[in-house]
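So, here come the structures, one by one.
There are two complexes below, and they share subunit A, which is joined by subunit B in the first and by subunit C in the second.
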Partner chain A sequence: MAGLELQHIEKTFGRTRVLHDVSFEVSDGKFFVLLGPSGCGKSTLLRIIAGLEPQTRGSVSFGGQCVDDVPPSDRDIAMVFQHYALYPHLTVKENLAFGLKMRREPKSVIEARIAETAALLEIYDLLDRKPKELSGGQQQRVAMGRAIVRKPKLFLFDEPLSNLDARLRASMRVELKKLHRRLGTTMVYVTHDQSEAMTLGHAVVVMNRGRIQQIGRPEQIYHEPANPFVAGFIGNPPMNLFEGSYRLDQRQLEFLMGDLTFRFPFQAHERIGAGTGTATLGVRPEDVTFEPEGPGHVASTGTIDLVENLGNDSIVHIMVKGQSLMARTSFGFRQHAGESITIYVKNFHLFINDNRIPLPSL
Partner chain B sequence: MMHRPILLGGILLAVLGSLCPFLWFVLTSFKSQIQVEAIPPTWWPDGSLVFYASALFEHRLLHYVRNSVTVAGSATVIALIAATPAAYALARLRLPGKTWILGGLLCVAMFPPIVIAGPVWQILERLGGLNTHWGLVLPYVSLTLPLAVWILTTFFHELPIELEEAARIDGCTTWQALYKIMLPLAAPGLFTAAILTFIYAWNEFFFALLILTDPERQTLPVGIALFQGEFIMPWGEIAAASVIATLPLIILVLLFQRGIINGLSAGAVKK
Partner chain C sequence: MTKSTKEHTTDWLMVFPALTFVAVFSLYPAMDSFVLSLYSDFPGPERSFVGFGHYAELLQDPVAHQAFIVTLGFVLFSTALELLMGTGIALVVHERFRGRGWVRAAVLIPWAIPTVVASQMWRFLLNDQYGAINAILFGDRINAYVPWLADPWTAFGAIVLADVWKTSSFTGLLVLAGLQVIPEETYDAARVDGATAWQRFRHITLPLLKPALLTALLFRTIDAFRVFDLVFVITQGGPGDATQVIQFYGYKTLFTEGRVGYGTTISVTVFVAMAILSLFYVRTVGSKLLQRKPA
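For the complex of A and B:
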């Protein structure tokens, strides 16, 4: 059942407004990710959904029912906290049982659910231990178990993997995805880690400074970023962004930066009329190549500044006409710093007035 | 390296300085009447238990112990019951003027008790609280509350709020979250507050003397002070009684020390 809907949520702390008119809908059973840099309001939003924090304005509904006046205990949700928040004076088993006991489930049900959850998360051996006797990864599993065992309508995750080391984080990510497929329950997941967002989410909300920047499928957000913020935030290494100006006439759109000019076949339309103004041009490091791959690719020459070897690929920093640019090559890049190089760009992103202007593919 | 001997000397001096009177009392309590009055004084007692017997049976020391346990015990329990929700609210709620409340509590705690002696006596007289145990418990509670609230506020403040939120999501009301999750974790704070309150009430002399004139109800410090007659000063008995009066405190502190030191909240949150 539990689809989630947020309507015009606003939140102010004292005089600071941390959320501005946030609205979105999560359909039942989806994995929904709130992504953004720290301080963007994503955790506050999650806490509002949980009922731990009252919103200043707007409303939250579960499955079409407004829950604004429902306390967290009655929202039938489970939350996994960043720092796990396991009850330190209770054993793992008691931690798992706590929520069920509070809901006065019969003992047999509690036992069965704990057994089921412990098997699912492979924490059977830990049941009699106290949280402080567990490793970080084990604590994480128990925290997850405490949420699963309740069989809630909605799972909320507040950066649950951020305290784990890189390797464990990667494996937990996979497990989490499997878990979601298995349980089929709606999940809302807060993270600042774009790779978590991209791999886990059916849909991703990118937030910055308390505002939604873009909502979309992971690939949509990657390929068609709505504005320069999203373009620069998603992707590793980040998209190369260049500030410049544009000139649009009947036949073509020009992007001007210093003595560089890029021309795109383009028709003026209602969103931007003919004229000039400031603009941002974006190039993904993956879209920079050293061999021409198509006829329309824009070519230029530059000097290699630095080569970062990452094993199976390399990040090449290149100075092109006074501008620094990053390129990502798949493998076998043999050139060194100081050498000159010809680059080809196979795809551009253009933003005018902070909005994406769809360009025809080259 | 130069600091070490100086530090050690300082520590030794402090420990000896504060222990000396106690040592003297303990030694005295095991002396005989002749040794107590000997001039020059003798250091080592001959291990007589005469004074203990006299304090316990002639001066009915146990009866004072019972009174003290009643008064100090009730004062502690009541102070904690009142301080816990107050401290919890001060630590967790966004109250306007919270710092003023805490500051005010601290100011009140600084007042010399004699300032309120007159009013307390008058109030108790009106309420019929003179010469009753509850009449003594009442001022003890109000005098120890500020300290208890401060200690507990600090403890609640340090407990991660996520734990409480987890409890609320797990189905607890605010009160349930308090006594099922927060209180067990604040146990070290509770122990500390309890011990300090208990020690205060156990040792308090001035109000006890003021409010309890009936020997049947008097507490240990008053009882022991009134050992002396018009012409005699029974040093030995007083020493023995003082040792007996101190023992429960030492035992309590030793027992609860573990509870205080054991950081029960370890493992709650990944640091």
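For the complex of A and C:
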């Protein structure tokens, strides 16, 4: 199979438009993540790819072939659902066999595939059990097995780990990654969990309110967020975002917020001409330090509001000139609430008209 | 865990009203019926104790045998058809379509009509001279009009038809409740797995509907066994004894012939048969239903 291509997908339910002009391409064998808050349309998009939901406009192609009129059963895909959707009246073995039986595969093939899949996922002991006799993690494995056993061209995952506890989720994430490496099949994975997106995806699509906000590699999305939404959505704790205004002349860009002014050397270009307007300034908590690490780092003083100790690192909430700011320190932070502190900022993100303005590094 | 005496007293006080109600209105009449069945037919000071004499008579009574067979036939046909129709109705109103609310309400109308009224309606519809069914089938050809209720087979068919018409929506309701608890994701999974519409029905819907179907079966067989009013209004058991179900036979024996002892014997027998059947259902089907509760 070659990749997956979506062209100008639109979807409306009644009068509500849930997807606006969504287009992207997934090349063969890639792990592709659709990331966004709940209600952003990512699951609907996955259902459209599966053929379970017809799109209102636009088209879906697999390997260059338009599949708009192909029913889900003939798309040669497999899907893992959020609530697993195992067949409750069938044993694990029968669950695995279901899809193959429906396709009238010979019995010997079915047996062999089940054996292979059970070995791969280590669910051999569960084969004769009914889904209700399995734990959440085991059901998850079986759901995965039911997808793998068919050897589809494309895997679709709809928040498959969201019903597991944190520890299990972390270990399944690792397994999923290994599984992908082993199978090499294209996977499209829907999640609202940024850590899943960052660790699993070759590419991530960030969606909000039915629109694509950014497509890119995980590190790209993290380091160069395209707009304030992506900036605020990715990263834990989220990026500090400050609303203010900007003033741009030939040589420098100023960001103004209350009494504070930040100046950046900047070349005006065709996208942003000289002038003024509103802007958003972003600072990642990990880009705030308490020691100067470079000559150009911006310094300011503030008061510690609260310290959250997370074990190996701490989140420090600081009030700086009436603005609240979060900083992340990696080790042994010893100061307490109420004390004053000097902070240094290594890196800024600036957004004008909801678009990222690349700033020279400090 | 042990309970204090005080808690025990409170427990009993709480269930006392319900227990009294059951004792006075169910237990006592049932016991009294049983006692009545052990005495000679005519109540009063001169009645004599006959023990299980009436029961022995019932075993030998050809009319009772016939009535029992008619009842069984009625149970079999009406229950089977009602399950079939009910499933059909449920599948239709489970689908999303414009005006579904209206259809759902309309489907329940026959069930909401009192049985006596519905029976009377069917009696009119099936009337051999001015019935609507003859009019629809034969129009002006009055000579072709069929006396539906005068022929043993069509008369039997008529009471089955009336019952199916009236009660299918009830089974439909039970089956619909069963359909609604099957998660939509299960069907999505089956579609992705390559199951056709028929395969989805055969391999997903039907097995998962089993508890609901069994519940419907349980209610309907027990209910159909007790059929009385339909027969009373539509055929009076006729023609001959063709539609005389066991409850109607009991009623006739007791109230028309005045044989109190034998009449109650028939009632008690039906009661015991029903109790055994219910117990059997609860033990087999019921326990399965309870097991199906999610953990």
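By our rule, the second predicted complex is superposed on the first by the 361 of 362 C-alpha atoms of A that agree within 3 Å, B and C clash if a C-alpha of one lies under 4 Å from a C-alpha of the other, contacts with A are read in each partner's own complex, and residues count from 1 in each chain.
Just so it is clear, a residue touches a chain if its C-beta (ideal position, glycine included) is under 8 Å from a C-beta of that chain, and two chains touch if they have at least 3 such contacts.
Worth saying up front: this structure is predicted, and the values here are computed from it rather than measured.
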| item | value |
| --- | --- |
| Fit-or-clash call for subunit B and subunit C when the two complexes are aligned on subunit A | clash |
| Contacts of A:F98 with subunit B and subunit C, given as first, second, both or neither | both |
| Winner by number of subunit A residues touched, once subunit B and subunit C are compared | B |
| Partner chain(s) touched by A:I49 [first = subunit B, second = subunit C, both, neither] | neither |
| Partner chain(s) touched by A:Q139 [first = subunit B, second = subunit C, both, neither] | first |
| Which of subunit B and subunit C A:A279 touches, first, second, both or neither | neither |
| Contacts of A:L19 with subunit B and subunit C, given as first, second, both or neither | neither |
| Doubly contacted residues of subunit A, that is, touched by subunit B and again by subunit C | 47, 50, 52, 71-73, 77-79, 81-83, 85-89, 98-99, 102-103, 132, 146, 150 |
| Complex contacts: residues of subunit C adjacent to subunit A | 183, 185-186, 188-196, 199, 203-204, 207-208, 210, 294-295 |
| Footprint of subunit C on subunit A - complex, ascending | 47, 50, 52, 71-74, 77-79, 81-83, 85-89, 98-99, 102-103, 132, 146, 150 |
| Interface residues, subunit A side, partner subunit B - complex | 47, 50, 52, 71-73, 75, 77-79, 81-89, 98-99, 102-103, 130-134, 136, 139, 146, 150, 163 |
| Subunit A partner contacts - residues on subunit B that touch it in the complex | 160, 162-163, 165-173, 176, 181, 184-185, 264-270 |
